[in-house]
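Each remark here refers to the structure printed beneath this line.
Residue numbering begins at 1 within each chain, and the chains themselves are lettered A, B, C and D in the order written.
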Amino acid sequence: MLLNQFLILSAVLFSIGVYGVVTRRNGVMVLMSIELILNSVNINLVAFAAFREAIPGEVFALFVIAVAAAEVGVGLAMVLLLYRNRRNIDLARIDSMKG
Amino acid sequence: MILAFERPAIDWHAVAPEIVLLSVGVLITLLDILFLEKARPYMAALSGLGILATAIPLLTLGIDGTERVLFDGAYVVDNFSLVLKAIFLLAGYVVILLSTNYIVDGDYWESEYYGLLLASLMGMIMMASSRDLISIFVALELLSIPAYLMVAWRKRDPKSNEAGLKYYLMGVFASAVMLYGMSLLFGVSGTTVLSEIADSIEAGNGSSSVMTLGIVFVIAGFAFKVSAVPFHTWAPDVYEGAPTPVTAFLSVASKAAGFVALLALIFVGFYELSNIWEPLIWILAALSMTVGNLVALRQTNVVRLMAYSGVAQTGFMIAPLAVAGHSLTTGDQALSAIITYLAIYAAMNLGAFAVIITLARRTGSAEIDSFAGAFHFAPGLTVAMTIFLFSLAGIPPLGGWFAKFEVFRVLATSGEAWGYLLAVVAAINSVIALFYYANIARKMWAEEPSENDLKNVEITPSLVSALAICVLVTLLFGIFPQLVARFTEVSLLAFAT
Amino acid sequence: MIELLAATTSSLTSIPLGITQEGNWFLQNAWLIPLIPALSFVGILFFGKRLPRGGSELGIAALLAVFLLSICTGFAWMDHRDNFHGEEISQTIINGEHGEHGEHGEHGEHGEHGEHGEHGEHGEPSLAVVNTATWFVTGGVEFSVGTLVDGPAVMMLFVVTLVSLLVHIYSTDYVAGDRRFTHFFAFLSLFSASMLLLVISENTLQLLVSWELVGLCSFALIGHWWEEKDNSNAALKAFLTNRVGDMGLLIGVTILFFASGEMIPDSFGSFSIATTNTLASSGLLSHSTLLIAACCLMAAVMSKSGQFFLHTWLPDAMAGPTPVSALIHAATMVVAGVFMIARLYGVFFEGFSIGGSSINLMALVGGFTTLVGACLAFVQRDIKKVLAYSTISQLGYMVMALGVGAWTAAMFHLFTHAFFKACLFLGSGSVAHSVHSFDMKSDMGGLRKVMPQTYRTFIIGSIALAGLPPFAGFWSKDEILVGTGGWGIMGGTNGNGSYTFMLVMGMITAALTAAYMTRCVYLTFFGEFRGHGNPHESGPRITIPLWILAVLAVFAGFLNLPKGFQLVPESLQERFGHYVEPVAGYFPKISHATPSWSLAIISTIIVVAGISLAWNYYFVKVEKASKESGQSLTELPDGLTTRLTIARMGHTLLVNKYYLDHLYTGIITRAVKEPIAELTYRSNQEILDRTVDTVGRTAVRVGQLNYHKIDQKIVDGFVNASGRISSDSGEELRKIQSGKVQSYAAILFAAATILAGLLIVIV
Amino acid sequence: MDNLLDSWGLTVATFSPLVGALVMFLIPKEKEYEHKIIALVTSLWVAFVGFMLLIWFDLDATEKLQYVVDKSWIDAIHSRYVVGLDGISLPLLLLTVLIVPLCIVYSWNHFPDPKNPKTFLILILVLETGMIGTFVAQDMVLFFVFFEVVLLPMFFMIAVWGGPNRKYASLKFFLYTLFGSALMLVSFLSLFFLTGAESFVFSEIADNVVAHTVSRTAQLWIFGGMFLGFGIKVPMFPFHTWLPDAHTEAPTVGSVILAAVLLKLGTYGFVRIAIPLLPDAAVEWAPWIGLLAVIGIIYGAFCCLAQTDMKRLIAFSSVAHMGFVMLGISTLTDFGINAAIMGMVAHGLITGMLFFLAGSMKERYHTLEIKRLGGLLVQAPKMGWILGFCAMASLGLPGLAGFWGEFPAILSAYNPANGLPVETFRTFMVIAALGTVLAAGYLLWLLQRSAFGTPKEEFAEDPNIYDTTKTEWIAWAPLLALILAIGIYPNLVFRATDAAVDASLTPCLTIDADKSTHEEIESAHCSEVYGLSDHGPDDHTASKG
C-alpha cells in the first residue's frame, strides 16, 4: 500500500525536474533540476528495493548517487567555462550553431 | 549468520582486457603528472601501444572460445562481446592516429586528452560485456563523461565550448530519463540482471503498462546515444563544434557503444515483449533514415553533413531490429547484420573523417565548397574519399554494399508486411543518400579548385596509416565479404532461451 | 501419284507448283545476271576515278555482258518452253479443313491428275526454272534466296538490260564533264543490278529487298546534282513516297508469309512466290486475307509505279539527269510495280476476284490514272513533264489491263512501252542537251530542220505511243482494249469480265494521248525557233541508241500478232503470249478474249481523230496566227476553251475530277482565276504537293509539340520534381534544428513520452 | 589450348581490362603515350581472347553454356561465381570486344577537353570489364555487381568530360539507372527467397520457379521489378528521358559505348533473365511491353523530327530502334527474340558509327546545330558518303544490318506466341511499319540538311573541315565492313543465336507443340539445357560440347 505514495512522489519530483530543465534559462538552475530528476530515480529505486526486499535496488541507488556527483562536477566546470567565455550563463543565448 | 566476507571467485582471464587498458590509462595519467612537458611527445605513441596491448588478451580469449559468465550473469564475455571489444579497440586506435598532431596545434594540454580517451574506451569495453542494468549504467556514464570533456576540449573556442555544454546537458538529461526507465524495469521485475528480467517477463508480469513505459524510456536513452531521430538533435551541433577526431570518435565508437547496450537490452532483456519494442524501433528507423537523408541534402558544412549521414546510417542499422522479434533465426540474422554494418560503418566513417581532417588542415574550412577540385591538388585523397563516400552509399564492390545487402536480406526475408515496407523506405533513402554522397565526389572530381595554388597537401605518417587501414578494411569487406560475415556469426539469443 | 491419306484430321496432299529444278545452264544460274553489274558497281566505286574513261567503260562492259547473257537465257527459255518434259516439283499442304472452293473444285482434281489437259489454249505447261540456296535460318524459319526464271522474267531481263545498256552509252555523252561522272555510273550499275535481282527473285523477301534497293538508287540518281535544294527535295520526296508504298509491301509480304504458313505442315510460313501463288490460285487461302494482302501490295504498286494519288513524285523526279529519267522513270523502275502484280498474279486474281466481276480496285485505279495522266500531260510547258505524265498514263493502262485480266496484253504493252518511251525520253534529252533548257514554250520550236535525227526518232516514238498501226503501240494497246471484254459491236467477247467502263476510259485516253503527243511534237519541232543560241544535232553516241529504240518501237509490235490475223501463218501468231504467259500451277486460269477486227478499226479511228483535232488546232490555226503576228505563237490567244462556254465547261469537268480528289484530300483550293490551262497545272502541283508537304510539316509540328510539351515538361518534369520535393522537405526539417539546447531537451522528452503513450495505448 | 581457354577463357576476358587499368594506374599522368599504348594493347589482347573464344565455340551446340566456370564466391549469401557463354551472349560479347579498341584508336590524338588520357582510358577499361562481365555472368548477384560496375565509369565520363550541362545529365543518368537497378535487385532477391533455391545461378532459379510454382501474382510483381530495372536501361518509352541528356553531354567515345553496348544490357537482361525465369509473368506482361515498344517507336520518331541538335536526334533515333528490339522480344517467339538480338547487334554497330560521325563533325564544325551545318558532301565527300551510308543503314534499308533487326521483328509481331492477343500484336505490326516510314523521314531530312546542299557561308572556306583522317578510317572501317557483311549475310549472327534462343524459350515457355518444329519438348530440366550439371560445393565442371 505504501509503494504507490513513493512512486507518486518520485513521479512528481521527476516532472518538476524536467520542467526545470526545459524552462529555466540559468545554467546552474538546469544542473539543479537534473539533480532533482536523479534523486527522484533514487527514491523510486529505494522504494522498489524495499517493497521487493531486493538488495540490487539499493546498490543501484548508491551507484546513481556516486555518478550524479561526478556529473555535477563536470557540469559546473562546463558552466564555469561558459561564463569565462561569454560573461553570462544564459542557455537561450548559446545557439550559434543551428540548421 | 555468516559475516565473513568471502572473496567472490573472479575469472581473471575473462577481465584481462579491461585490466590492461585500465593500467595503461592510469600509467598515462601518472606519466603526465610526473613528467609534464617532457612526456608530451610520447603520450600518443604510448596510448596507441596500450590499446594494442589490450588487444592481446582479446585474441587469447577469442582463441579460447569458451563463454565466461562472471558475477552470476551480470558480466559475460562471449564472442558477441569479444567482437565488439575488438571493434572498439580498433576504432580507438584509429582515432588516436587521427588526433596525434591535430591536438597539438592550439597548445592545449595534450596528455590529458589521451587519458580521457582511454577512460572512455574503458567504458565501452565494459559496456560490451555488461548484462545487467547497473553495470550498463555505470559503463554508459564511464564512456560519456570523458566524452563530454573531450568535446569541450578547446577551452577558448566558443563553438567547442557550446558543443560541450549542449552534449553534457542532453547527455545527462537522457541518462536521467533512462535511469527512470531502468528504475521502473527494476521495479517490475525485481532484479537488475537482464537474464533474470527476461525470466520474470516470461513468468508473465511483462504486460503491465509500467513495464512498457520503462522499456520506452530506456530505449529512448540509448536512442539518444546512437542519435536516432527524434533524439538526434544534439548530433549536428556537437559534431560541428567538437574537434574533428573527437567527432569521429563520437560518430563511431560511442554510437557503437549505444548499439551494444541496445542489443544487450533487447536480445537478452525483453526479447519476449517484441510487440512493444518492434514498432518503436520501426518508427525510429524509418524516421532516422528519412529525416537524416532529407536534411543532409541541404547541408553545406561537410561535418554537419556527416552528422546527418550518421543519423541516416543509424536508421539503416536499427532497421533489422524492427523485425528481429519475428523468429529466433530472424533475430540471429538481425544481430549479425547489425554487427556487420557496425564494423563496416566504423571503417568507412573513420576513413571519411580522416580525409576531412587532412583536407581541413589545408583549406582551413569544413565547407563542402572548399572541397571543390580536390582532384587537382590531392588526387590520392580524392580517390580515398570517393571510395568511402560510395561505400557509404552502398555501391558494389565497396564494403558498404555488403552491409546494406545484409540489412535488405533481413528485411526481405522477415516475412512481415511492414518489414517489406521498411525495405522499400530503405531503398528510396539509399537513392537519396547517394545524391549527396555523389555530390561531394563530383565536387571533388569535376570542379575547378577555388584558389589556384595547387601545392599538394602534406599528410603526416599517422594520417597515412589511418587512411590505409580504413581503405583496406572497406575494400576487403567489399570484395571478400565472407571475412566479416564469418566474424559476426554471433548470437545473444542462445543465451536468452 | 498423290496418296490421299484416309481419315486423318489434317490430311496431307500435295499440289503441283509448276516449277522445276532442271533446265539448261543459262536458266539454272541466272543469278550471274544481277551479280555482274553489282561487281561493276563495286569496281567503279573503288577504281572508277583511276580508269581512263572514269568508270563508264566498266559499266558498259558489264551491261553488254549481261545483255548477251539475257539473250542466251531468252533463247534457252524458248527452247525449254517448247520441249521440256522434266519432273515437276509439288508442295505438300494440309487441305482438310479448308475445303475446295465451288467452281475451282474441278480445277483442283485436274491438277491432281497431273496430265494438265486443256490448260488454256497455250498447249502443254511451261515450267519455271527455280534455283534456290538457303540464305539464313532464324527462329525455325528458313530464309532462302534464289532465282525463278520463266516467261515474264526472261522478257523483263531482255528489256532492262537492253535499255540500261543504251542509256549507259547515251549518258557517256550526255553526262560528260559532270563533276561526279564516276559516281553517276556507279549508281547506274547498282540500279541495273538491283532491278535485275528484282526481276528474277524467287521469293517475296528477295523481291522486297531489291524493291527498296531500287528505291535507294533512284534517290541517289534523282539527287545527282544535290547542290540545288529542289533536286535534293525531289529525291527526298521520291524516296519517302516509295517508303510509304514499301510499308504496304512489308505488311502484304508478312500476311502472305503467315497465310501460306497455315497451309504448309510444320513450318511458320514460306516466302516463295510459286508456293504462295499456287495456294492462292487453287483457292486454298481464305479470300479475306488475300483481299487485305492484295490491297496492301496495291499500295506499294501505286507508290512505285506512280498510280493516281501517290504519283506526285514522278514528275518532280524529272529533276534528275535525263538518262536517269529514261532508264528509271520510263522503262524499268516504274514498271517494277506492274511486274510485281504480274509476278503475284495468283494473289491479285483471287484477292480482287478479277475473273467474273465488272469492276475492281486495280482496274479502277489503272483506268483513273490513265485518264488523269493524259489530262495533265496536256498542259505542261516542260517536255520531260509531258513525257512523265504520259508514262503515268501508260502505267495506268498496264495496271488497268492487269485489272481486267488481260495479263499478256499488259506485259506486251510494258514490253513495247519501254522501247518507245525510252526513245522519247532520250530524244527529249538530246533536244534539251542542245537547247540547254526543257521549256517547250520559251526555248524550243522549229528544231526539225536543225536536229533531223532526233526529230525523226521522236516522230516514230510519238506515233508508236499514240498507237497508230503498224507501230508497236497499236498492237499492245489494242490487245488491252480487247481484253476489257469489248462492248457490243466492239467485239472482244469472252474476256474475264465485262469491263465496259474500262474500255471507255481506255478509248478516251488513246485519243488524248494522240492529241498531247501532237501538241508536244508541234511545240518542239515545228514553228519558228523561240530560244536563243544555235541548237545543233547531238553526237553519234546519242543518236545511235535513239535509232535502235526507234526501230524496236516499230517492229516490237509484230511479236504478238493477234490470233485471227490471217496475213501471217498460224505458227507466227501470239509468239509473245506463247512464250511469256506461264501455263502452270502458280498462274491462275484466266480466259483470253478473242481479238476482233471491229475494235481495232474503231480504236485506230479514234487515234486518228485525236491527231487531226490537235493537228488542226496547232498546225493550221496556230501556224496561221503566228504567221500573222510574226512571232511564233504556242497557242491561239483566244483559244477554243476560253471562247466557247461548253468547251470551258468540259474542261472544268475534267478538272473537277480533281475537286473530287481535292475534296477527298480535304483542303479547299484557291478561287479559280488564271486561264483554265494554268489552273489545271497549278491545281495538281499546289494542292497535291502541298498536302504531302503539310503532312511532313504537321509531323514536325506534332514532333515539336510532343517533344517540348510532353517530353520535357511532363515526363522529364516528373523526374526533376521528385528531386526538388526531397530537397525542399530537407529545408523544412532543417528548421527544427534551432540551436537552443533546451528546445532539444524538450523534443527529447516530448518524443519519449509520446512514444510511450502510443505504445501503452495501442499495444 | 582448348581446356586452357575452357577453364580460364572467360575469367581472363573479363578481368584483363582491369589488370590493364591497374597497370596504368601506377604510371604517372604525364606519360600519355605509354598510357595509350597500354590501353590499346590491353583492349587488343581482350579482343584476341574474344576471337579465340569464338573459334573454339562449338557452333552447333550454341544452346549449351560453354566455357563454364563455377566457383563459390560469397557463401554467406549463396552467390556463386558462375560464368558461361552461349549463343545469346556470344554476339554481344564480340560486339563489346570490338567496339572498345575502336574507341581507344578513335580517341588516339583527340581526347575531350580536360586532357587527362590516363583516367579517361582507365575508365574505358573498367567499363569494358563491367560490360563483358554482365554478358558472361550466369549468377544474379554477379550480374547485378557487373551491372553496377558499368554505371560508375560512365557517370564520371559524362560528369568530368561532358558538355556544358554535364552536371545535370550525369547525375540524372546515374540516379535513374541506379533506381532501376535497385528495383531489379529487390526482384532478384525476392525471386531467390520465394523459390527457396540454394544459389543465385539462373538455371537453379529457373528450375525452382518451374518446380514449386511461384504464385502468379508474385511472379507478376517480380517481373514488374525486373521490367522497370531493365526498361530504364533499354530505355523504354516513359523512362527514356535520361538518354538524350546523357548522349548530348557525353564525350564522343562515351556516347558511342553508351549507345553501342550499354543500351543492350537492358534488352539482354530481358532475354537472359526476365523471360526464361518468369515465363507466365512474361506472357502476362508481353502485350504491355509491346505497347510501350510501339509507342517508343512512334514517340522517338516524332521527337527526332523536332530536334535541332544532331546528336540529340541520333539519341532519340536509338529510342525508336530499341522500340523495334523490344517489339521483337515482346512477341515471346524465338523468331522475335532472334530478331531482337540481331537488332541489338545492328543498332550497336550503326548507332555507334553515327555517334562517331557526330563526334567528328563536332570536332570540325564545333557545333551540331543542324541549321548551321550543310554541304558536308562538298567539303568532306568521304565523310558525307559515310554519313549517307549510316543513315541508310539506320532507316533499315535491306542489304544493310539495320533491316535484319527491324523486318523479322515486324514479321514476328504478326504471329506472337500463343496466349498473346493476336489482334493487338497485328496493330502493333502496322504501327511499327509506319515507324519505318517516319524513320526514313527524319533520317533523310537530317542527311539532306547536313550533307546535301552547299555549305553555309559561316563554314564555306573554313580549313578546319577536313575529310576523314587516318585514325578515323582505322576506327570506322571494321564497323562499316561489319554493317555491310551482316546486311548481306545475316546468318553470321543468326547462326549463333537461333539454337540458344530456342532453348531458352522452349522448356520454360509452353509453345503449342504441333506448330513448332521441336516435337520432343519434354519438360527439359532447365539446368540440362543450360548445360550445367548439378555443381558440387566447389568442384569445377567443364561441360563442353
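Just so it is clear, a residue touches a chain if its C-beta (ideal position, glycine included) is under 8 Å from a C-beta of that chain, and two chains touch if they have at least 3 such contacts.
Everything numeric here is computed off the predicted structure, so don't read it as measured data.
Central chain by Cα centroid: D, whose mean Cα position is closest to the mean of all protein Cα atoms. We define each chain's centre as the mean of its Cα atoms; on that basis chain B and chain D are separated by 44 Å.
Mean C-alpha positions place chain A and chain C at a centre distance of 100 Å.
Computed centre separation for the pair chain B/chain C is 82 angstrom, with centres defined by C-alpha atoms. Remark: chain A and chain B have CA centroids separated by 26 Å (rounded to whole angstrom). Residues of chain B in contact with two or more other chains: 165-166, 169, 173, 177, 236-237, 435. In chain C, 734, 737, 739, 741, 745, 749 are the positions where the chain touches two or more neighbouring chains simultaneously. Annotation for chain D: no residues touch 2 or more other chains. Looking at which chains touch one another, you get A-B, A-C, B-C, B-D, C-D.
Taken together, the chain A residues at the contact with chain B in this complex read 7, 10, 14, 17, 21, 27, 30, 34, 37-38, 40-41, 44-45, 47-49, 51-52, 54, 56-57, 59-60, 63-64, 67, 70-71, 74-75, 78-79, 81-82, 85-86, 91, 94, 96-99.
Of all the residues in chain D, the ones that touch chain C in their complex are 172, 176, 238, 241, 299, 301-307, 333-339, 342, 377-378, 392, 397-399, 403, 407-408, 410-412, 414-415, 429-430, 433-434, 436-438, 440-441, 444-445, 448, 452-454, 489-491, 494-495, 497-498, 501-502, 514-517. By the touch criterion stated above, chain C contacts chain D in their complex at residues 135-141, 208-209, 212-213, 216, 219, 223, 226-227, 229, 232-233, 236, 239-240, 243-244, 246-247, 250-251, 254-255, 257-258, 261, 266-268, 696, 699-700, 702-708, 711, 715-716, 719. The residues of chain D lying in touch with chain B in their complex are 74-77, 144-145, 148-149, 151-152, 155-156, 159-160, 166-167, 170-171, 174-175, 178-179, 182-183, 185-186, 189-190, 193.
Chain C contributes residues 734-735, 737-742, 745-746, 749 to its touches with chain A in the complex.
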